[in-house]
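A, B, C, D, E and F label the chains in the order they appear, each numbered from 1.
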Amino acid sequence: MREYIEKAKVLIEALPYFRKFYGKTVVIKYGGSAMEDAEIRQTTAADIVLMKYVGMNPVVIHGGGKAISEIMEKMGKKPVFHKGMRVTDDETKDIVEMVLVGRLNKEVVTLINQAGGKAVGVSGKDGNLIRSSKYYPKGSPGVDMGFVGDVKEINPDLIRSLEQSGYIAVVAPIGVGENGETHNINADSVAGALAAALKAEKLVLLTDTPGILRAKGDEASLISTLRLSEVEQLVASGVIEGGMIPKVEACESALKAGVSKTHIIDGRIIHALLLEIFTDKGIGTQIIP
Amino acid sequence: MREYIEKAKVLIEALPYFRKFYGKTVVIKYGGSAMEDAEIRQTTAADIVLMKYVGMNPVVIHGGGKAISEIMEKMGKKPVFHKGMRVTDDETKDIVEMVLVGRLNKEVVTLINQAGGKAVGVSGKDGNLIRSSKYYPKGSPGVDMGFVGDVKEINPDLIRSLEQSGYIAVVAPIGVGENGETHNINADSVAGALAAALKAEKLVLLTDTPGILRAKGDEASLISTLRLSEVEQLVASGVIEGGMIPKVEACESALKAGVSKTHIIDGRIIHALLLEIFTDKGIGTQIIP
Amino acid sequence: MREYIEKAKVLIEALPYFRKFYGKTVVIKYGGSAMEDAEIRQTTAADIVLMKYVGMNPVVIHGGGKAISEIMEKMGKKPVFHKGMRVTDDETKDIVEMVLVGRLNKEVVTLINQAGGKAVGVSGKDGNLIRSSKYYPKGSPGVDMGFVGDVKEINPDLIRSLEQSGYIAVVAPIGVGENGETHNINADSVAGALAAALKAEKLVLLTDTPGILRAKGDEASLISTLRLSEVEQLVASGVIEGGMIPKVEACESALKAGVSKTHIIDGRIIHALLLEIFTDKGIGTQIIP
Amino acid sequence: MREYIEKAKVLIEALPYFRKFYGKTVVIKYGGSAMEDAEIRQTTAADIVLMKYVGMNPVVIHGGGKAISEIMEKMGKKPVFHKGMRVTDDETKDIVEMVLVGRLNKEVVTLINQAGGKAVGVSGKDGNLIRSSKYYPKGSPGVDMGFVGDVKEINPDLIRSLEQSGYIAVVAPIGVGENGETHNINADSVAGALAAALKAEKLVLLTDTPGILRAKGDEASLISTLRLSEVEQLVASGVIEGGMIPKVEACESALKAGVSKTHIIDGRIIHALLLEIFTDKGIGTQIIP
Amino acid sequence: MREYIEKAKVLIEALPYFRKFYGKTVVIKYGGSAMEDAEIRQTTAADIVLMKYVGMNPVVIHGGGKAISEIMEKMGKKPVFHKGMRVTDDETKDIVEMVLVGRLNKEVVTLINQAGGKAVGVSGKDGNLIRSSKYYPKGSPGVDMGFVGDVKEINPDLIRSLEQSGYIAVVAPIGVGENGETHNINADSVAGALAAALKAEKLVLLTDTPGILRAKGDEASLISTLRLSEVEQLVASGVIEGGMIPKVEACESALKAGVSKTHIIDGRIIHALLLEIFTDKGIGTQIIP
Amino acid sequence: MREYIEKAKVLIEALPYFRKFYGKTVVIKYGGSAMEDAEIRQTTAADIVLMKYVGMNPVVIHGGGKAISEIMEKMGKKPVFHKGMRVTDDETKDIVEMVLVGRLNKEVVTLINQAGGKAVGVSGKDGNLIRSSKYYPKGSPGVDMGFVGDVKEINPDLIRSLEQSGYIAVVAPIGVGENGETHNINADSVAGALAAALKAEKLVLLTDTPGILRAKGDEASLISTLRLSEVEQLVASGVIEGGMIPKVEACESALKAGVSKTHIIDGRIIHALLLEIFTDKGIGTQIIP
């Protein structure tokens, strides 16, 4: 009995957070270990369902990563990258879309449904959710990235409509160009743009790092809170670099559109989402206006 | 961190229960220690707010008890009882109504509001919620109980309307007679009638006992589950007696109207409500069809 | 037959007024004789029900007065007043709340229900309708009024929600402080604040005077219409004084929030409400912007 | 003042009737003096507006009568009747429609609008409200009545839709045949059919007689209440004859479809409608199931 | 089969237009041959029904013309005109209303219903749709036009309400004056005012001319597109004259109220409406802002 | 001009069909040439968008076919079939899902969106739309088909919700098993089950044959109409065989659930859908109850 009472107390401790986020939209970029580790996949799905049950509107964007390269290799196709981004020729584009939309997206949908939620997976083509244009990498004028795209416009009607019918939307980062062509878009950028378009309360990026570290590799140097105004200098000084740059940019664009808080957190920690949302201290790095 | 992860796990363990009771109405008879002990009052209020946040529709009925006799004595009026029920003359009736509706009801409302809910207190007069008729005690033909009443008809429109606007209804057990007169009604009976009228999923009676005991005073003899068909024999044999009788009758009338389960639980246990609803085993005695 | 035709004509004469006030909110401060005289209580309740049936939204605020002192005396407690306001110590506060909410409020509810309406009584604690703070009397720095409160904020959601479900809200002038404490508030002030928050068409204060008299005691000196700009001078010159001051202040705050007209009328006249609303001339004193 | 109080009392006396008929549909056949006498036209319009304001749904069907013959004569066309019904050749049909729909209907609409209502006039062609077929007079096999019609089917959608938008529907008794042809239909029959299709509470026929008289011309022999089962015998015995027959048939078909009460009343009496609806005794003859 | 495939292709060619005008309101002035020629009447009705089925909201205003004079002559009344407008004395007014509302309006309603639509005919009196004032012809100070009116105010609620219930509104150009009097109004003016009040996408005037011709009688000189700014000069130079002036004024007032495009087209061409709306080139003269 | 008038006539000829199918659901199995031929893909998409614009609710189910085998071969995996059905081992299952959901489904979505519609693609996992169980081929007890599934239950909520928001649902024939596993299901069976669950008006199967031929290969022997009762005999006699069997079974199950008509038509014909729906004769074979 004692044990159950302790558990009840925990539920009650969460009440002020339920109240605070009631009816609010939280956009979650889901990737890395949170997508690949068998246990964390399940706990993350449960976290999302819990958020829905206590009155929040979670919207999930997932990435692709390893699975894409694996399939490419099975099909005898060698992955090529330019500054960390996948060069996406015609064949690669088809594989990217098949893996993201046909496999990973439905895996996330099924995980959430198995955890007791009602998820619906969509790509940016569905209801013209994500209109995109060809991406030209800054500072690399001669490089053709193929079917890599930039978000041009988010049409959030479909997400709103699914939300109102009680569904959790799971979005694959595929955009649709002016002539119906497929674009492979960075999932962090999509997450930022969706948070902005939905006027979300929060944007949470699940990563495989503890957050932004002031000193590379030194977890003790984690920056808990960062103001938007401080970002530029940290990029200039190289503290923010590599794959962290698109994440920080996603946070920036969300904050500029009125999102209250953005978070880069460690998806390798079990229940990272709940820790971020339902504790005062949170985890990882938060970037605020 | 570890501690927080453990807490998150507890939230997730509750998910299947959130899902099971989503959108369901639970009628709670609130009385005894749960109303009088300073700590338990607050934890019970928090339990109710939690139920609302995770999608259930709790409806609260409170009793009166000690507070009424205290005020009567202050006003130089001696409480009189007949077989455990308060003989309610004209003056007593006014005091009963003032204490129940003007004091205890608003205390419960405020407790729930302070815990983060939105409660509205009503008496059976409001919106003609509880229509009643004069009560004549069975087996005591000569006794006039005064303004004691029996539930004649529940009009649940007001409760439904408050529910749909996000409020938690808190009901004082006062009925209104055909000519607008006040009736003092047993709170257990009101709870049973409300559960029946609202076609509730559950009726939970918070009491100051562990439940129904097969052997008086021996908590080890607690009956966990009772079928409706077994009740009559247990009353005949004296196992169910005294104040337990109206409670069991309330359960009976609720079950006959289609309520799925009814529970007589120990309100002295902290978070008794959550233990009942969010654990498989539950606590106290459940009476089922 | 002739008699019935005359009656029909009267109904028809009222048509232009039904039309004028269709869908409009009228806040009514109900007190004095209108609450105490057996006949006038009933006719006033009927007036309110009629207003509802012909498409208006009446909202009723009642006071307390004599009944509170009577109960206090029964409980051996001596009423104390400071400049016409009841000094409200802890025990007094409990009595005030019990009498207002548990007795008078439900009496008004029952009167309206008996007249064919659907009334619901609420206190300022229900749905946090009236948030209040401790009142400090101006010009009496050393005086502690105890649990007397000032309206800090009205949250009209509950009133709107009851209105839309066809109920007539009856409000007891009890506020809730920041920590859930009870505040005894002047009913006129509550009426003014509610009219303001509901953007009512009219505020009508039922009193035991013919209205504002230019010469004390001389009913022939009744001021029919007063502009807001004239009020200050009349207070300065003592024409408006005593219990009339909170009434005039309630009118002022309502008018400043956009209420079209406010009325101080003689509740001792039978059907005073209908006379005010359904005749061109009206009765009593109207204060206009 | 006294006079106004008396008037207020009259309003209050009407309350129980407002309550009784709240939300109920009353179909009114408007014809004879009620349409032709300058004063009664206006009072009847006001009666209808009052009914709408106090929450009833009046639906008006008007006849034609004298105006049609007047216009026909102006156009050099001689009216021809067979057993009291107008033989309607092609030219007559056009005149009937023009006078009913283009003149009388809009007169009623304007009277109601001037009295403060919002009326919309429709013919049976609008929204295919009244589908009709050619009428063949029983017992006169060789007679061709031309464009006289029988109601075949009422499609009440348009009436419901106008009602819900706050309008009072005013219906001209013109039907539309299978090929779009115009049919001149007896207004009493249309009223009966509409009451049946709308599942009205009441059907009220305004006539130029006191009601059904047991002895021709003797007003003292007025039958106040008639059961449906008694009608046949009264027709057989000639007590019900001539123009009263279609009226009684309209009542019959309405009653058989579930209308609660039907009334044949004297439209020459000022405020006849209110007298019927808002007094216990009513006027004229009521036919009940 | 080949023939059917060609037909299917035609349907598909229309898709971009269906899309472009989806949910848009188009006000159509219906008169001249489109109302009088047996074949064109039917095809125009079908065009309107098609517009409704593919998601547009057509609103029809019809004129009167020849039919009014015919009936007047039958009634021995000589039509009198002043500068092309009918001088409307009391008797003429009644005839105008009967013919417009009782005959022509219902003919249009029936045509549309026979073509598969759901039409409802209204005059400006219904729901006080068109409030009007007496018309005084400019430049003719001594002339009394009788019951000719000017649109004073359009109350589009009734049109909106019919639209939302799936009906096509058909409006007769009759206005209602302050005292309920009938006004005969130019149908083009009513069409312009309705387009303005409904914030229509388009106003289309069906006429018996090819459009505005630069050289009188020379169809080759048709002006396809006219800017609002060019109108004044064309009136001054006499290119726009006679009956074309009220049409151009109707277009002007619609454009000034925000209507996107207005069209004066040749109603003698079969399917003129569809040609205008569902081809890029359109027909007749369009006047744009 | 003449040419345009002819086109307008064609639109008008379609009106009776628009009217007949207004608001009706039509389930379309999309496969074979209609999916593979560049021109027919586009015209079919346009047909579907047209159906939506004229008020029908098309729901599309697509198959897979050639594309799956192509990708399998690229991945060095040999397709294996048993009685025409793909044996679906674990690896094959992943490829099937990726190709159906990630590629073909989004191609159909994009085609429809490019044609001016708003399509949303879903798999049976989304919103648990298609719950399935492992398929055991009748008559082949020892054969393990792997992840081939049978429809167990359709939950049409998601389709309804998309429909009400104006979207066209495009469904990939993937089911979800009890433990979240993927099932590859015959698209014809899914189409039949969806038509049944949605209580569709029609089920249309686009095939690469003219319909059911009485004599193999002889198009002149096409059976235009088949009653459900005749099917069994035609299967027994071998007239219906091979891939036609699941199609006929889909029709059967739809008809048994109340679908009015089912059609097996030749998707190689351009605009086959419109020919079927918008001509009286239709094309292919219709199976009716």
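The working rule: a residue touches a chain if its C-beta (ideal position, glycine included) is under 8 Å from a C-beta of that chain, and two chains touch if they have at least 3 such contacts.
In UniProt terms, the chains line up like this: A, B, C, D, E, F = Acetylglutamate kinase.
Since we're looking at a predicted model, the values are computed, not measured.
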item	value
Any chain in contact with subunit C (Acetylglutamate kinase) as well as subunit D (Acetylglutamate kinase)	none
C-alpha-based rotation, subunit C (Acetylglutamate kinase) on subunit E (Acetylglutamate kinase), 0 to 180 degrees, nearest 5	120
Subunit B (Acetylglutamate kinase) and subunit D (Acetylglutamate kinase), separation of their C-alpha mean positions in angstrom	56
Distance between the centres, which are taken as Cα means, of subunit F (Acetylglutamate kinase) and subunit C (Acetylglutamate kinase), whole angstrom	68
Mean-CA-position distance for subunit F (Acetylglutamate kinase) and subunit A (Acetylglutamate kinase) (Å)	35
Sites on subunit D (Acetylglutamate kinase) at which at least two other chains make contact	none
Chain-level touch network, classified as line, ring, star, complete or other	ring
Partner subunit D (Acetylglutamate kinase), residues of subunit E (Acetylglutamate kinase) touching it in the complex	71, 74-76, 94, 97-103, 105-106, 109-111, 113-114, 118-123, 125-128, 157-158, 161-162, 165, 167, 174, 176, 179-180, 182
Residue numbers on subunit E (Acetylglutamate kinase) that touch subunit F (Acetylglutamate kinase), as the complex places them	1, 4-5, 7-16, 18-19, 22, 43, 46-47, 49-50, 53-55, 115-116, 269-271, 274-275, 278-279, 283
